[in-house]
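The structure under discussion is supplied below as structure tokens; questions concerning it will follow.
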Amino acid sequence: MTVKIAPSLFGADLGNLENQIKAVEDCKVEMLHIDVMDGNFVPNIAFGPDQVKMLRGKTDLFFDVHMMVVEPDRFIPRFVEAGADMITVHQEATTHLHRTLQLIKSFGIKAGVVLSPGTSIKTLEYVLDDIDMVLLMTVNPGYGGQSFIESSINKIKDLSEMIKGYNIDIQIDGGINLETAPKVVEAGANVLVAGSFTFKGDIAKNISALISAVNFK
Amino acid sequence: MTVKIAPSLFGADLGNLENQIKAVEDCKVEMLHIDVMDGNFVPNIAFGPDQVKMLRGKTDLFFDVHMMVVEPDRFIPRFVEAGADMITVHQEATTHLHRTLQLIKSFGIKAGVVLSPGTSIKTLEYVLDDIDMVLLMTVNPGYGGQSFIESSINKIKDLSEMIKGYNIDIQIDGGINLETAPKVVEAGANVLVAGSFTFKGDIAKNISALISAVNFK
Amino acid sequence: MTVKIAPSLFGADLGNLENQIKAVEDCKVEMLHIDVMDGNFVPNIAFGPDQVKMLRGKTDLFFDVHMMVVEPDRFIPRFVEAGADMITVHQEATTHLHRTLQLIKSFGIKAGVVLSPGTSIKTLEYVLDDIDMVLLMTVNPGYGGQSFIESSINKIKDLSEMIKGYNIDIQIDGGINLETAPKVVEAGANVLVAGSFTFKGDIAKNISALISAVNFK
Amino acid sequence: MTVKIAPSLFGADLGNLENQIKAVEDCKVEMLHIDVMDGNFVPNIAFGPDQVKMLRGKTDLFFDVHMMVVEPDRFIPRFVEAGADMITVHQEATTHLHRTLQLIKSFGIKAGVVLSPGTSIKTLEYVLDDIDMVLLMTVNPGYGGQSFIESSINKIKDLSEMIKGYNIDIQIDGGINLETAPKVVEAGANVLVAGSFTFKGDIAKNISALISAVNFK
Amino acid sequence: MTVKIAPSLFGADLGNLENQIKAVEDCKVEMLHIDVMDGNFVPNIAFGPDQVKMLRGKTDLFFDVHMMVVEPDRFIPRFVEAGADMITVHQEATTHLHRTLQLIKSFGIKAGVVLSPGTSIKTLEYVLDDIDMVLLMTVNPGYGGQSFIESSINKIKDLSEMIKGYNIDIQIDGGINLETAPKVVEAGANVLVAGSFTFKGDIAKNISALISAVNFK
Amino acid sequence: MTVKIAPSLFGADLGNLENQIKAVEDCKVEMLHIDVMDGNFVPNIAFGPDQVKMLRGKTDLFFDVHMMVVEPDRFIPRFVEAGADMITVHQEATTHLHRTLQLIKSFGIKAGVVLSPGTSIKTLEYVLDDIDMVLLMTVNPGYGGQSFIESSINKIKDLSEMIKGYNIDIQIDGGINLETAPKVVEAGANVLVAGSFTFKGDIAKNISALISAVNFK
């Protein structure tokens, strides 16, 4: 299984997003991770539909939109229209998780669920038929540059066990670097979000190092 | 009285903000208007503290941060730290308007209040001692490119009357162009936010045209 | 000026709405008043879009939908589609009153604002260009059969004065009967909602008595 | 075990509820299912306490009140007073599920919990002593006429296993018809809500067909 | 007109409330001011119904309960039962101010409205018939020991003018001491809340000094 | 293993807290349990940071602060500053449980999670590394003097099993007396909160009786 890399825009130079996205395009990455924050689900604000739409005009990269937004149904149509290829929503942010996933799917794009560090994977038991990806947060959502929560390794293993037989990706977001990446892949993850790691210094070199670190066999 | 121009970042090319801000810097503008949207007070999401901080690193322009955010007190310290020179908050978004203004002032920066189109100016009667500016929205907040609400002219006149004797600016945001700008100035406004108008086409030319249109005497 | 009568469905026999509406149709009334309650803005629940739609299939009466609903924008398209001819929203239930009125008007139907007994008419100063009617509650919204609040008479007079020159109806809802009706009309009201009064006993006789009581000249 | 049928009023002719209820009374059904919607827990509004009270005056049918209401405790006393014989509340709509169930029980009526399609049955582990019924939604709550979610069959089986030894009914609501009914009964359900199915066409015939379909042995 | 003094329990020694209340009883004060804070309307938590009830068992002082609580209707019956003689609620904390006042009055006790520093007195225009007192906050509610907001003097004068002809007390809370007290009385206030001032040092001496300072003629 | 006793201040004489706390100090108890209630998470209001701070000045007892508060993060720094030695938060009251625990720990004090009677212990699976204690409520939170929920015994056993190998205390709150205490200890609990039981009558005798009842071997 090949591990996929998802550079996170939140780690990029926010004054030159067009350039940054071009730099990412030249690397072998499968998707661009876009953090949407509403100041209510998380204590930060970032990236709305207008910015996604603008980026859509500049690149054909697969857009993986991570909605850190309360009651995401209100904004899902806007992000689809802006060019999202996949939308992931927090289990903790929606009362009707199944309905929200149906709404995303109704637009013909991919859907996923995100779990914050403390949330049980049992909450996903009855939506496994409806998702393409689970994103496990390995830091608390809302800021870049935090340290990886070590106990997440067991959670990845548990999830990996739980989704056996399903065609569901396991994405990891938070504190991913050359040291943590191999561990989460070892535990069962196959999509890695990398923000600060990707954009500090030479983007191509960083991504290439990350790919080498995780595709070890 | 000289009319001040406040280009609004929300109308700029979001993929090249650094360039856009440099272009604005070269013009004779008094401030940069930054729209913060939380997806709850308004049905849109845009510009958080990280983006403001990044821009702060690139320019010395006066940052006029317009918070379209529910319970703005939670985020005021973050925007101050990010480099805001003035923060305006919506009367409709805060239960304790006086406390919120005190909080902004406590950081040594300027403070203002924003009123959406339907809100009475009577709501400001007992905070006039505490503000440097009133922003009257002449469209409903949340989107760029809407049409100016004509009945706002009377509201500007009423406000102008009400603040006589105070040292308070009247800022107008929404549908400002070469046709509406002279009217609002005539009615008493002295700071004009211009988003779509500023950034469509030649920025320098647009701003210069706007300045000419309003400084008629 | 002719006073218009608006029987309120909430006072009708809820088990036989089709019959009740037919009985109303035979009388000389200008509109049917429909109370929508969401259990949050008011401590009661009643009449959703499905019921309005069903009634629409049975009658051509003008539907005056009174939304006692928090954030009414979420439901306005549904009630328009269900057949509303006018929608009135509470000033106290919406953060962006002007936007909400624009939304109603965008569907080509009439729009109004409702004020609960304690709310100042000053809150309407900057939406007078955008409304066809003001509904003054003369009981607190949420229940049928309450007593008329006497001090409302002055509020009606104040409003009547305030809207001079505008083409805006003044509707009264709460405790309307043969005794209170002439008083509110005298004070300036021209549309009367009558629930319990209309449907207790002989509908035609009740409405006819009310019409006689208020069209005294 | 006999399977019980619960016609849902939401599928009935809303203009003639008294007639519709009489038609149901003549059939062999164990209860009438009444959907209460507050426009907040679900995106629809329907059936408040006044309507339940009116219906109570017309029939002795067992009233099974399904509260799709945020913080149901506020309304439970009102529905009890209006004539509810059982109240079911959503696990997702109440912070203190055990307290809410205690409140219902304190009035001497039956109590149940409803789970939306995505919600884990693990959430019920510590209230099994306190409930008479679990309602599993097999569509997302809020509208009539939706299609049965196939993956619900496993959830019914899991629940059936979990409540072994308890005297708890398993009720199913959503997309029940002659094809889906036998499947859910096979999986362990013993109370079927049928709305659109019951009231489209000949009520007696529909109910009778449903009874035949599920009481196969 | 005699000015009344209302010592505020929030300034007392919270470990010895019984003693403190006895000390107050011995002075010539008309009421005990009790600050209820819910952590939501104000950023502090203090004094619930159980504490009021306990104090009720120790003294016959008139209890003036100042509810800094969102949606106060939920708690009004509890505070009445606990022994409140008057309840004041914030205009900013209740959607249905008139209904809330009716609720308080329905228990046969006195009712008042509180305005935070920034709130217009226009919001009270249509409840003047229903209140016994207006409390003007001269600091932002939530903490003891803040400084008096000087611009409040004009607000007191405006209110004094507005309620002419009504039998309504004007109470002032915030920063009251020997210097500010005469000014607010001069402007029209006749009930003074004093917390820190009362309980720092000798209670009897403090109250007596305050009485002397304001009953100057 | 020695069972620890945690007298709950909410059961004490609220008019003489200093005395009551001195009485407790003289007994062999490990901590003082302080119930903070915000009127929103629970239908009661009690004990804010100012009261905790005052008590801190009077005693060196270990302060175990039980926050029955929505979004506790807002108040955690205040209670730490006031002198809390441990803070427990409700799983049901916080969206980001892991972040909340990190926040408490960042101040160098102990952290715990509280579960209301109906909440599954599965919700704690991924925070076991981050907590010092789990508090299982054996009555619904908000009032003193309620009866112990018998089915809690199994929940204690399940939790006891789940945390094997971790250094986590199991605290029980609700209906603890000489009859229930040995049962919960038998099931696995090792910290007992006792409010009404402690403070009715002779405090020293009550606590001593409780200690005897549970340290049976």
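Letters A, B, C, D, E and F mark the chains in the order given here, with residues in each chain numbered from 1 onward.
Keep this in mind: a contact is a pair of C-beta atoms (placed from the backbone, for glycine too) under 8 Å apart; a residue touches a chain by one contact, two chains touch by 3 or more.
In UniProt terms the chains read A, B, C, D, E, F = Ribulose-phosphate 3-epimerase.
Quantities reported herein were computed from a predicted structural model and do not represent experimental measurements.
Asker: Could you tell me which chains are in contact with chain D and with chain E alike?
Answerer: C, F
Asker: Going through B-E, B-C or A-B one by one, find the pair whose contacts repeat those of C-D for over half of the pairs by residue number.
Answerer: Among B-E, B-C or A-B, the interface that shares over half of its contact pairs with C-D is A-B.
Asker: Taking each chain's centre as the mean position of its Cα atoms, how many Å separate chain C from chain E?
Answerer: That pair's centroid distance is 38 Å.
Asker: Report the inter-chain centroid distance for chain E and chain F in whole angstrom, where each centroid is the mean of the CA atoms.
Answerer: That gives a centre separation of 34 Å.
Asker: Which positions in chain F are in touch with at least two other chains?
Answerer: 122
Asker: Just spell out which pairs of chains touch, all of them.
Answerer: So the chains that touch one another pair up as A-B, A-D, A-F, B-C, B-E, C-D, C-E, D-F, E-F.
Asker: Across the complex, what residues on chain F touch chain A?
Answerer: 95-99, 101-102, 122-123, 125-127, 129
Asker: Per the contact definition, I'd like the list of chain D residues that touch chain A in the complex.
Answerer: It is residues 41, 92-93, 116-120, 122, 140-141, 149, 151, 155 of chain D that touch chain A.
Asker: What part of chain A is in contact with chain B in the complex they form?
Answerer: Residues in contact with chain B: 10, 13-19, 21, 36-40, 43-51, 54-55, 58, 69-70, 74-75, 144.
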